[in-house]
Structure formats: C-alpha cells, structure tokens
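Right, I'll just put the structure down here and ask away after.
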Amino acid sequence: MSSRYLIRLASAALALVALTLAAPAADMPDPAADAKAFRNFFVTKFPKVKLEDFVNGPYSMNEDMRRQWEEKEQFPPYEFSLDMGKEMFAKPFRNGKTYADCFPNQGIGIRQDYPYFDTKEGKVITLELALNRCREANGEPAFSYVKDEMAALTAYMAFTSRGRPFDIKIPDDPRALEAYQNGKRYFYTRRGQLNFSCATCHVQNPGERMRAEILAPALGILNAMPIYRSEWGGMGTISRRFTTCNSQIRGVPLEPQAEEYRDLEYYLSYVSNGLPIAGPGSRP
Amino acid sequence: MASTIRVRATSTGEVTEVQVLIQHPMDSGFVKDAKGETIPPHFIRELTFEHDGRNVFVADWGAAVSKDPYVKFSFKGGNKGDDLKISWIDNKGETDTTTAKIQ
Amino acid sequence: MTITHSDFPATRRLILIGAGAIALTGLGIMSVGMAPALAAANDTYPEDAFKQKGAADAIKSLYGRTAEPSDKVKLDAPEIAENGAVVPISVSTTLADVTSIAFLASENPNALAAVYRIPPGTLPNVANRLKMAKTCDVIVIVEAGGKLYSATKEVKVTVGGCGG
Amino acid sequence: MSRIRLNMRISIPSLAFVLAIAGGTFALAASSETDFKAAYAAAEATNREAGRLRNQWTVTEEALADAKKAADKGDFDHAVAAAKEAEALAKASIFQAASEKEAWKNLEIR
C-alpha cells in the first residue's frame, strides 16, 4: 500500500474538522446589513486601500505587482478581446437584429445592473445568461460560457459601463432573498478536498500568496470581470473564474451558470454595490 | 479586426512615442499542449517601424517575447498626421503590415 | 499558394510575401535576405545569437565581445514577476550614440530574448514584455559608440513562463 | 472585528479514525475481479450521492479512474485499493456537505 493513499486519506479527514464548530442560530437574512459589514471588514483589514481600488484585486495591495500592472495597462492584453467584443456586438444576427435589441439602453452602460432577479421567472439572470438567451431568441446557437466569445462580449459591455457603481437590487420577493441567501451560503461553504470555501481565500487571506498567486479580496472581485489572465494566456468570464476556483480546491465544478453560481454572482455583486465597474481587467 | 497590429503613436512635436501590441501566439517551442505534444515554435522574428522612408526602429525577436507582444520606443521628429508603417514577419513566413497616423 | 494555421482567427488578414521562397526552403528557415523590405540595410536577423543557450555565448555571438557594467544603463524590472509569461522590462540610458539594445534572461532555454536596432534619431529607451522560465538575471546590453555596456537585475519568477 | 476563524488544523482523533478504516484494505489478500467490481460499484454509488449533494471531489474521480485503469490491466490489488480510496473520499465529501449545512455560518462576516 503506497504512502500516497495514506496521505490522501489523511487529507480527507480535514472535512471532519468542521464538526467541532457550533453553528450560530439561524436568523433572517439582512442583505443591507451584510453588505455594510462586508465592506467594513475589508476597509478595516486594509486601511490603506481606497474603497474604489478594491476592484483592482491583488494590485490594490502589492506595490511591485501594481507597477507591473500599470505598465501592462498602457496597452492592456485584453485589447484584442475588447475589439472583438465590440465588433461582435454590432454585427447583426442572421435575422437582422442585434444584441442591442435585447437589452435596456441598447446594451450600453448597463453592466452594473447585472445580475438581476427576474420576478417573473423567479431566478437570477446574469449578463452571460442574458447574452445567450438573446442569441437563442434570435435563432443563434448559445456560446460556451467559459470561452473567448462570451468573454469578448462581456468585456465590451463592461467597458461601456466602466466607472458606474454596481447597482444590484433585491426586489421585494421572498425568492429573491432566498437566491441571495443561497449565494451567500455557497460563498462561505467549504468544499473540495482542500476544504476551502470562497471565503477561505478571498476573505481570510487576500493579499497573501497562495502557492504563486496573490489572492484578490472578495470585495469588488467581480467588478473587473471578464479578465485576461497571464496564467490562462487569454480571457476568462465569471463562469470560467468560478469553475476553475472549484477545481483548484479539488472540487468538481458545477455546470457554468448553474443556479448556485448565478446566486453566488448575485450575492457577490450585491455586497460590492457602490464599487465601480472596472472590466475588462487583467490579472497574473 | 483587419490587422493584428494595434498602434498608438503620439507626437509632442519634437518626439514621437510609439507603442504597439500585436496579436500573435509567440509559441516558444518549449510548451506542450493538453495531449502532451510539443507546440512547435511560432514567433515573430522581425518587426520594423518605418517613418518618412526610413526605419526608425527594428526589433529582432526570439521566442522569449511574450504572447501578444508589446513594445514601446520613441524617435525624434514625426508630426501629427504623418504615416508610420509597421510590419512583422514570423518564423513561418507569415507577415502583417499596417500604416498608422501619428496623433 | 495559401498557408493556414488553425490557431489563428480566420478574420486575420495574412499577407504572404516571398511565398515562392517558402515553397523552396520550407517553413521556418526562410532567410531574411529574401524579404529585403523587412531587413535593416546594415543588419540582419541574428539567427545564431538566438540559438545560444547561455547569456555569455549569446552576447559573444551577437557582438563578438563582452560588455562592462554601467550605471548609465537603467534597467527597470519587477522584483517578483507576477507571472513569468508576461514580465514587463524596460531600459533607458544616458549613453550617447546608442546603436542597439539587447535583452537576455540568463536561465531561459535560449538566453537572448530581443535585440532592438536603434538608428540615429531614435531615443535609447525601450519597454517590452518578456517570458521568463524561472528566477534568474535579466541582462540588458547597450551598444553605444562601438562599446558594450550592461545592467543586470535578478527577477524572481514563481510561475514560470514556459509552462503554458 | 470579525468572527472569522481559520479551521485548517487537522483533528487528530478523526484522522486516526479514517486511517483505521483504510487499514482494513491493507490486510487484504490478493483481490479478485469480483472484489474490484463490488468495491468499484460501492465507490461509484457513494460518489453519485455526493453528486446529488452537489459536492463531488475531483480526487474521487481520479481515484475511480485509477481503479478502472488498474482493473483493465488485471492489477486487482491496486484496483480494489483505489476503489476503496475513492469510496473513502466520496464519503468524506458527503460528510463535508452535511457538516457545512450549518458550519458555513461560522465563516460569515457579520
């Protein structure tokens, strides 16, 4: 019997640790109070970082990296994706309609309003989902949520919304509150063999190195999406970021745009309300 | 998306600052793909900048220049509205050329 | 004759020049002499220098002599590369009569990364982005007035630029 | 300021518990194809349950693949060991999902 098995079994025991913790009493979700506490946590933990600078992720908390980023921003690597998105956005579908026909304000300057809770359908609609629905409604096949086309479209839509603060609303509908709460639960739930939650990295350890990467703070983490990652050598959507995060902690990712992921995006965007859209971004 | 070359060239009247970003894989020949097969080298070898009939800057690149390469330099002269011609050729013989106006 | 590469978007406009030459010599070994429009009048692509493994051999192949360190060569590179695939590195110098600037990474499979030819009237300031396989010295060589000057800085690389 | 705690330490009693279960597989004599099939089916079923809880682990899938590969080569000792490992990992992921049902609240910023 190899020692490899012993080690892997031992790591499985990590999951048992959670048992030792007592759970606090369940109480009614209060998104406004959550958002305030969330922001307060990061502002207190990083007193030198300006609020609007959290959207720049690891660059807001590491000087040497910030200089490399500023150098890259002179001619950013997402430039080609942005151009591709702009061109795609303007190009009519075979039926003559365009993406602009599917969105408020012709799709310009609206990134900060996504995701929203659709009270008719009773579910969270992300920008990525809305884009594919737009395509399908016009007889075009859906794009992969994790590939370049979706990244390019969302890059362009984010770009036209730069500087606008996230303005995510939770309508007076118990299902909306439930979606918010589901997203929050997903964010804090430990998963994968490493027994990490999203919060383990992005709340407890932002600014620290996890292996070779400097972890981004959860506050404002979606504002710069989609991102060009040097590690990927290309662009990635929010869907790509969520699924790769899950695999990195050795959890099997859910399907892109699964309800859990949409709810997670809803929660994370809501608690970053007021912080400016900065996408597309670039990251190591 | 006609061109692989993005240019920003701005003149102060005395000096023209030029930045380019080029869409190119710049494969080094040292990286394996998902199947474990080596991706053959594919990189830009030469990049030239021509203004007013002469080369103002020539880059000789190896495979260690980053994907979607970037370079910045400055030259004396060059006025707003002047043409700047930029061309590259890679190790497979592919090329692209663009002419940008100095801003 | 058309050459297509699947990893390139179809929208790219590729202009093939010297296509006949490619047919004769095969891909990848087309000599610069066959595309005179792209070569500087007084210089050619330093094929051999790019093939050398170490920095010293590359410099020797490129210039035929050695460089001396100079505080007039200002090399700007990060302490820790955020990712070895994209390391922003720039150089500027107060030296006069600069004719070329070369960038090397000592531990890359081939040390020489880029050489820039600087004609009269072009300022001796260059910024670019390079790949680094691992932590090593970045060396910049400035050729000025027929002499070679250098500056060196170690850049730590935690995620190598060769791993894809 | 916050109620966040790091819970990454390994609980020694529970570690010993898991290793004791695993120890059972070390003592096995030469395994047969039947042993493998039973072990593999059990592991797969457990992992399916983890899937219903939306909480599978990549390492479980790797161990299952490893088991299958070994069985294809006729190495049933290895195949059974890997299948048992997969089952233990799948059980741990189910356990994780169950305990996180409430435990996630401990991490919450309030």
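We just call them A, B, C and D in the order they show up, numbering each chain from 1.
Keep in mind that, in the parts below, a residue touches a chain if its C-beta (ideal position, glycine included) is under 8 Å from a C-beta of that chain, and two chains touch if they have at least 3 such contacts.
Bear in mind the structure is a predicted one, so any value in this text is a computation, not a measurement.
Just to note, of A-C and A-D, the chains joined by more C-beta pairs in contact are A-D. Chain centres here are Cα means. That of chain B falls 52 Å from that of chain D. Chain A and chain C have CA centres that are 37 Å apart.
Taking the mean of the C-alpha atoms as each chain's centre, chain A and chain D sit 29 Å apart. Residues of chain B in contact with two or more other chains: 1, 23, 67, 70, 72.
Shared interface positions of chain D, defined as residues touching 2 or more other chains, are absent.
Residue positions of chain A with contacts to 2 or more other chains are 72, 77, 233. Listed by chain label, the pairs that touch are A-B, A-C, A-D, B-C.
Chain B contributes residues 1, 6, 8, 19-21, 23, 67-68, 70, 72 to its touches with chain A in the complex.
Residues of chain A that touch chain B in their complex: 72, 74-75, 77, 79-80, 83-84, 87, 233. Residues of chain C touching chain B in their complex: 3, 5, 7, 9, 11-19, 21-22, 27-28, 30, 32, 35, 37-41, 43, 45-46, 50, 85-87, 90, 105, 108-110, 112-119, 121-123, 125-133, 161-164. Remark: chain A residues 1, 5-6, 8-10, 12-21, 23-24, 26, 34, 37-38, 41, 44-45, 184-185, 188-193, 195, 197, 199-200, 203-204, 247, 250-252, 254, 260 touch chain D in the complex. Across the complex, chain A meets chain C through its residues 64-65, 67-69, 71-72, 77, 209, 211-214, 230-231, 233, 284.
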